[in-house]
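After this come two complexes, each holding chain A, first together with chain B and then together with chain C.
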Partner chain A sequence: MKTVEPFVSTTNACKMCTPLGAAMAFKGLEGCVPFLHGSQGCATYMRRYIISHFREPMDIASSSLGEKDAVYGGKANLMQGLLNVIGKYKAPAVGIATTCLTETIGDDVPTILHEFKKECLADLNGEMPALIHCSTPSYGGSHMEGFHAAVRSMVAQLADPKTAKHRGINLFSGFVSPEDIRHLQDVFAHFGLPATLLPDYSETLDGPALEDYQNIPGGGTPLDAVRAMPGADASIEFGRTIKPERSAGAVLRDTYGVPLHSLGLPIGLRESDALFTTLETLAGCSAPRRYALERGQLLDAMVDGHKYVAGKKAIIYGEEDLVVGLTSFLSEIGIKPVLVASGGESGLLAEAVAAVTEEFPGDPPLVRDGVDFYQIVAEAEALEPDLIVGNSKGYRELARARNIPLIRVGFPIHDRFGSQRVLHLGYRGALNLYDLIVNALIEKKQEDSSVGYGYI
Partner chain B sequence: MTTIAKKKKAVQMDPTDVVQDLLKKYPTKVARKRAKQIMVNEAEGASTPEMGANVRTIPGIITMRGCTYAGCKGVILGPTRDIVNITHGPIGCGFYSWLTRRNQTHAETDADENFMTYAFSTDMNENDIVFGGEKKLKQAIQEAYDLFHPKAIAVFSTCPVGLIGDDVHAVSKEMKAKLGINIFGFSCEGYKGVSQSAGHHIANNQIFKHVVGTEGEVKVGEFKINLLGEYNIGGDGFEIDRILDACGITVISTFSGNSTYEQFATAHTADLNTVMCHRSINYVAEMMETKYGIPWIKVNFIGAEATAKSLRKIAQYFDSPKLTERVEAVIAQEMPAVKEVMDDVRSRTEGKTAMLFVGGSRAHHYQELFNEIGMRTISAGYEFAHRDDYEGRHVIPEIKIDADSRNIEELEVEPCSENYNPRKTQEELKKLEESGFKFKEYAGMIPDMPNKSLVIDDLNQYEAEKLIEIMKPDIFCAGIKEKYSVQKLGIPLKQLHNYDIGGPYAGFKGAINFFTDIDRMVNSKVWSYMKAPWQENPELSATYAWE
Partner chain C sequence: MEPVIFEERKTQIHRKGAEPFSISCNKSSLAGAVSQRACVFCGSRVVLYPIADALHLVHGPIGCAVYTWDIRGALSSGPELHRLSFSTDLREKDVIFGGEKKLYQALVELIDRHQPNAAFVYSTCIVGIIGDDLKAVCKKVQAEKGIPVIPVQSEGFKGNKREGYLAACEAMFQLVGTGDTSDISPLSVNILGDFNLAGEIWIIQDYLKRMGVDVVANITGDGRVADVRRAHGAALNLVQCSGATMDLAKMLKEKYGIPFIRVSYFGIEDMSDALYDVAKFFEDKDPGIMTRTQELVREELMALYPKLQTFRKDLEGKKAAIYVGGAFKAFSLIKSFRHLGMNVVMVGSQTGTEEDYQELAEITDEGTIIVDDTNPLELSAFIKEKDVDIFVGGVKERPIAFKLGVGFCDHNHERKEALEGFLGMYNFAREVHATVTSPVWNFTPRRRKSPIAAGSPGEVCAS
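And then the complex of A and B:
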């Protein structure tokens, strides 16, 4: 197999920068305003990116550093910025992430926050909101590292060691869609398991049209629920490529002894089976009938649709955890993933892909981490894919250039409507993806046909 | 958490009270600062008070502004299709400025180069930050060259670059000598200026220095102009080109919508510079006049009447009966269709109100289009303009140079020994001026705004919400970042940075598009369905003192 020469530069990246992930995660904490310590452009760019995907407001404050501050340090700006945000929003929490600029100049954010809490308490009439911080230089990873770093910071910095034991389960569901979050919440409720899902942006980034606008949207994981995480029965964390030092579940396990169940993102049959098995164990009861039914319906669909998908070849790209789940699912339904690519570089991708594909015969897919679209396109040349699965960013060069369908999943989806309502997880998510894939293949066939069958 | 009631229509409030209301919640220091950037327009008053503009955004205030890099790479160089742009920095900055809907281009043939679909970045890692990224940048330039053999490569600096001391200019120079193509760098680190505006300036300076006047080929055409400050948003440039073409006017270069390297390189061969967005480019017009003797005038192709007026102005400059005749014929041909839609739409939009908070010229130009359908602009402001864009060019000598503006290189320009050629004699210029023709004239937004309207510079998220709550406009014009929060307040938002899926809005056809879009938006029924009939009347809404 031909391998593409390594480039030093990146052409059309297949990843976003670290603070974007952090801002997303902070948005899932109740009442929290994400705040980037740096110059204002980063916050503006990221807002635009996130807003275009969700079609929802997304406020990200910035300390708006200028040249002078870049030289002498951003402490004054950070303090003044926090005062303004807290004052105007009456925010119960602020999530502060650094940017490349403030990391390069070496601002010591924890110390500045410590001083802020001492010096500014009076200005805030004695009410100090929760201030959570994480270090997110973009040159140290992709947006997923930022996402996990923020989740871990929320847990590490908010957890109350004195929490009494309780029956709850902590759920770290990763970078998934609002629809996925809602589905997971239903699943837990049906199992009778009280869950604290972090981060929960199912409402903050998919809110209703309101008669009365709130400048901090409702929803989000309650602060007190995060504080009580050390008392939980167990934690579940999704993502096969999270390194231990990035894992929120690991903090709770190592510091407070909360048992951790690390699972893959429950995409497709087997990864969902793993989740439901874990839930049965934790709940001490069997899965509600509706899930047995959903699983059965998924299998039924897999039988009915097999003729359309069998033997097709797919290229999958996106965040590492996401592509592992998708690879697992596509393999199950008889599609051959020929290339699994990500801009992320956890170092765990190859192993994770191997784990979900080893039971299938034939060559394992080509796995490429730390790549950009230029390299993915170059690899694709020889692979003759029938289908592309990933976000909007691969549309032009991968799908359109070959006239093959792109199944839009994950983030960002900037060229379709309803991105926040794409369901990927659980049996139901698998069914949804399955329908999308089969229909895309049918449509392609239909369009390519000279006859124009209305019965396929 | 505050809830804003949107149900009740505000009674007429005195604009001065509105200003007080906007400032009320701010800490004193912030309020004092913001007060300088908010003004009630007293059209009757003899002189306009000084407008605070182009000052730093207050930390923690959620601003509409972007950074210097965004203004340089995204706005100015973004729409040029055949220069390879390399972002020197970590991945985000380059990624977020990768091919947006703003950047429309139309290569003449398929063989023509178009690099706009690419986002090149040095994707700096920790090692580069610690040990410097110049070596990586050189390699990136080499790779881009090997892949495409472009005419030119431009290198853009992001925040970390300035701090670690990488010299993009030296690297560019070295690679230029090595590869034999034009390569130049921009010191457009995001923190350099207070907004995108600094980036426009840095971009234009470098284009002027490194590209303009480097190719001598003279395009044929009798009436040759450059169109400066036109960015082909939503295909505006295509419509303007269509009209100019119909009039027999040749566009040598557009800065920078739908542009190419060659257009910049030959810009000095035009006989008139026409300036659309005064903010982002007036200094280039000035420099071209000094160096090449090309006079400049302000034009505006947003609004049907404004378009007609601008065409007539160009014709008057060239002083050719043939051109005047052709321009009049084009106007006569285009206007009836515009009038028809205008009148129809106006019957449904007359008396409605608009707010405009966009860039550096749009907040002014679009008032024309609203006027044409009987809508009043009750509040407007720029995101990154300077005082002259509000008050007119006569204030330029008074503007104080602060540390942020000092960051931007002022080019020393002299008449070019080879290509300086005054396009008009002193007498001709004088004659034109005596007949009321105005060169280098821009009176700013304020004189065109209604009495008692509010002018607000660098409006932020909080003030936008407040303003809407108090003044209840029928439409709000800004960008995608503001869109969904404004719409959650029950007010439709028209994007004017890019036009969302709409446009073009320039010229004659554009005016028709705009009228229909606005009609659809302000007369939508969706806002009346907000509450289900089975919902109780939750008395959530706050009541205000004046209700």
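And then the complex of A and C:
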């Protein structure tokens, strides 16, 4: 098979920048205003990008550095910006992420924050909000590195070592949809397990219509719940490509001895089974009947639909953890993942894909990490896929150009409605994905046929 | 509502009638205020990007290129190289050792692959700090590849969007004067500051054609490098979009003596005035042009007016708020709303000048709020205070309006409906009507309380 040589330039990137991931994660902490230490444009661009997916307000404050600040340091702007945002938003927490500008000029954010806490306490009438910071230069990885850095920072900086033991479970669910978060919360509730899910932007980025504008939208993981994480019974962390040094669960395990269950994103049958059996163990009981039923319904659908999907070839792209889960699921239903691609570069993708595909016969899928859409499109030529699974950024060059369906999952989805309500996780999420995939293939067959079939 | 306004921003807000006109503007955004503005890079990128046969390479880490990938609806009638997102995707080692070599290699690679007619290389924050010599690399590649390779000095932190516009104009001016102008008609114009969103520049070109006027260069909607090269051959520059391309018009006037007029293609008066101004300018060269223009405007208006009246019946007396990038667009919007019987009660822009705001104050009613570089907190407070029926703005403003249960018109660069010209006025009225008269506002919580309780905290109904 022809392999594509690496290029120097990047065309149509299959990733976003580090601070975007951090801003997303901070948005999932209750009352937290994400704050980018850098020039104004970063915050504005990311707001626009996130708003277009969620159709929700996404305020990201900025220290708005100018030319002088770039030369003399951004300390004054950071402190002034914090005072302003805390004052006007009455924010109980601010999540500060750096950008390439402030990392390169060498601003020492922890020290600046330390001084801020001392010098500005009086300005804030003695009430200092929680200030969480993380280092996220955009040349330091993709948005997923930023996301994990922010989650890890929240845990490391807020966790209270004096917390009493409790029977709660910490759940680090990764970069999933608000619908996924709501489903996970239901699952834990039905198991009778009190869970602290971080970050929880299920309400902050999918809020109700209310009588008044919320400067800070309701919802989010309560600060006190994050503080109490060291006392939990266990942590569960989703993502087969999270390195230990980026893992929030590892902080709690290594510092406070909280047992960590590292699972893949629960997409499809086997990865969901792994979650549900873990929950059975932690809860000390069998799964509630509704999940046994959902699992059965999923299997029933997989049987009913298997001929529609049999032998179809798919290209899957997106964040590494997401594509591993999707690859696992597509392999289970009889679709052949021919290319699994990501802009991420954890170095763990190939191994993770192998782990979820090894039980199936035939050639393993081609795995490409650190690639852009130019490379994915080039690979697609020879692979002749029948469908594409990924975010909306592959639409024009990959799906439309080949006249094949794109199943929109993950982030961003900028060309469809209801992106925040796409369910990917658990048996029910698998059923949802299955319906989307089968119907897309049926529709394609129906549209391409001159007959106008009314039964397929 | 007072508490939402930052002390430092009070001078950037004016209430007409309450005090003599005074507003400060063109300031750096206040740290921590969640400005709706972007950066220098954004300014340059939006102005140059519609040049469809040029390579647009963003030299920096990946974000700047990702967030500007095909986000705007600038259409091209031919090549579509501008719809791809090119980046040097700088990594840590590039930041430490410098990115010049990578830039050189990326440029060569992309020029070989796409054979563009020119390349623009955008500088980002990080490049300004690590000190890559963009000019030297561009010069070297230009010599090797035989196409113009133009650095755009758009480091994000070096000001606001306005500086970005200037950098873009300076970049384009390097192309101007290098093309053959011998076959250009004496009745010719350049269209500046139109980005061909939803095909708008084609509407304007059609009007000009019907008047007998040729277009030399579109700057930059549906733009081509070769056209920009011979832009100095046009007899007149039409400048829309107050901030973005005025600098280029001034350069063209200074060096080539080409006069310019400011125009707007939004709304009935401004669209007609733009065409009449062009006709007046060419009247001595072509005495029939004024009659042709009058006929054109009459024809268009006869078709448009009856349609507007049907919308107006439902919209009479409704209140509108406007927040746009450039102030010039706001003038046209105020007039357009008047045609629909609506009142503008708040108007603002990201980058207006003092003169712009002065003029806004003159054409608006008593009590209208005029605001420079605002933010979500202020906007939501103004919308509530004025109890508006519709808000006109961009993507970042939309959720603010919707969360407050207020209609919204997308007057931004992502729009898919043409809003320019007489056709655009119809589309605008239709969109305003569609959103203002939607039944959903009957049910939003501000208008009708929910019949069900706020929710029991538990999983089951609390008895």
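Just so it is clear, the second predicted complex is superposed on the first by the 456 of 456 C-alpha atoms of A that agree within 3 Å, B and C clash if a C-alpha of one lies under 4 Å from a C-alpha of the other, contacts with A are read in each partner's own complex, and residues count from 1 in each chain.
Going forward, a contact is a pair of C-beta atoms (placed from the backbone, for glycine too) under 8 Å apart; a residue touches a chain by one contact, two chains touch by 3 or more.
Predicted, not measured: the structure shown is a model, and the values here were computed from it.
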Chain B and chain C placed together on chain A: clash or fit? clash
Task: In the overlay, answer first, second, both or neither for which of chain B and chain C A:V451 touches.
output: neither
### Query
Now for A:A122: first (chain B), second (chain C), both, or neither, which partner does it touch?
neither
Query raised in the report: Touching A:A164, do we find chain B (first), chain C (second), both, or neither?
Result: neither
- Task: Determine, under the contact definition given at the top, whether A:Y49 touches first (chain B), second (chain C), both, or neither.
- Result: both
Of the partners chain B and chain C, which touch A:I216 in the superposed model: first, second, both, neither? first
Review point. Can A:A189 be said to touch chain B (first), chain C (second), both, or neither?
Key: second
(message) After the superposition on A, what does A:V303 contact: first (chain B), second (chain C), both or neither?
(response) neither
*Which holds for A:G31: it touches chain B only (first), chain C only (second), both, or neither?*
first
Overlap of chain B and chain C contacts on chain A, residues 7-13, 15-20, 35, 38-42, 44-49, 51-52, 55-57, 59-67, 69-70, 77-78, 80-85, 88-89, 99-101, 104-105, 137-140, 142, 207, 209-215, 396
Interface with chain A, chain B side, in the complex: residues 1-7, 25-27, 30, 56-70, 86, 89-98, 117-126, 128-129, 136, 139-140, 143-144, 158-160, 162-164, 189-192, 194, 403-404, 407, 461-462, 465, 479-481, 483-485, 487-490, 530-531, 540-541
In their shared complex, chain C is touched by residues of chain A numbered 7-13, 15-20, 35, 38-49, 51-52, 55-67, 69-70, 77-78, 80-85, 88-89, 99-101, 104-105, 137-140, 142, 189, 207, 209-215, 393, 396
Chain A partner, complex, touching residues on chain C are 3-4, 6, 28-42, 57, 60-71, 83-92, 94-95, 102, 105-106, 109-110, 125-126, 128-130, 156-160, 376-377, 380, 384, 395-396, 398-400, 402-405, 444-446, 459
The answer for chain A against chain B in the complex is residues 7-13, 15-20, 31, 35, 38-42, 44-49, 51-52, 55-57, 59-70, 77-78, 80-85, 87-90, 99-101, 104-105, 137-140, 142, 207, 209-216, 372, 396-397
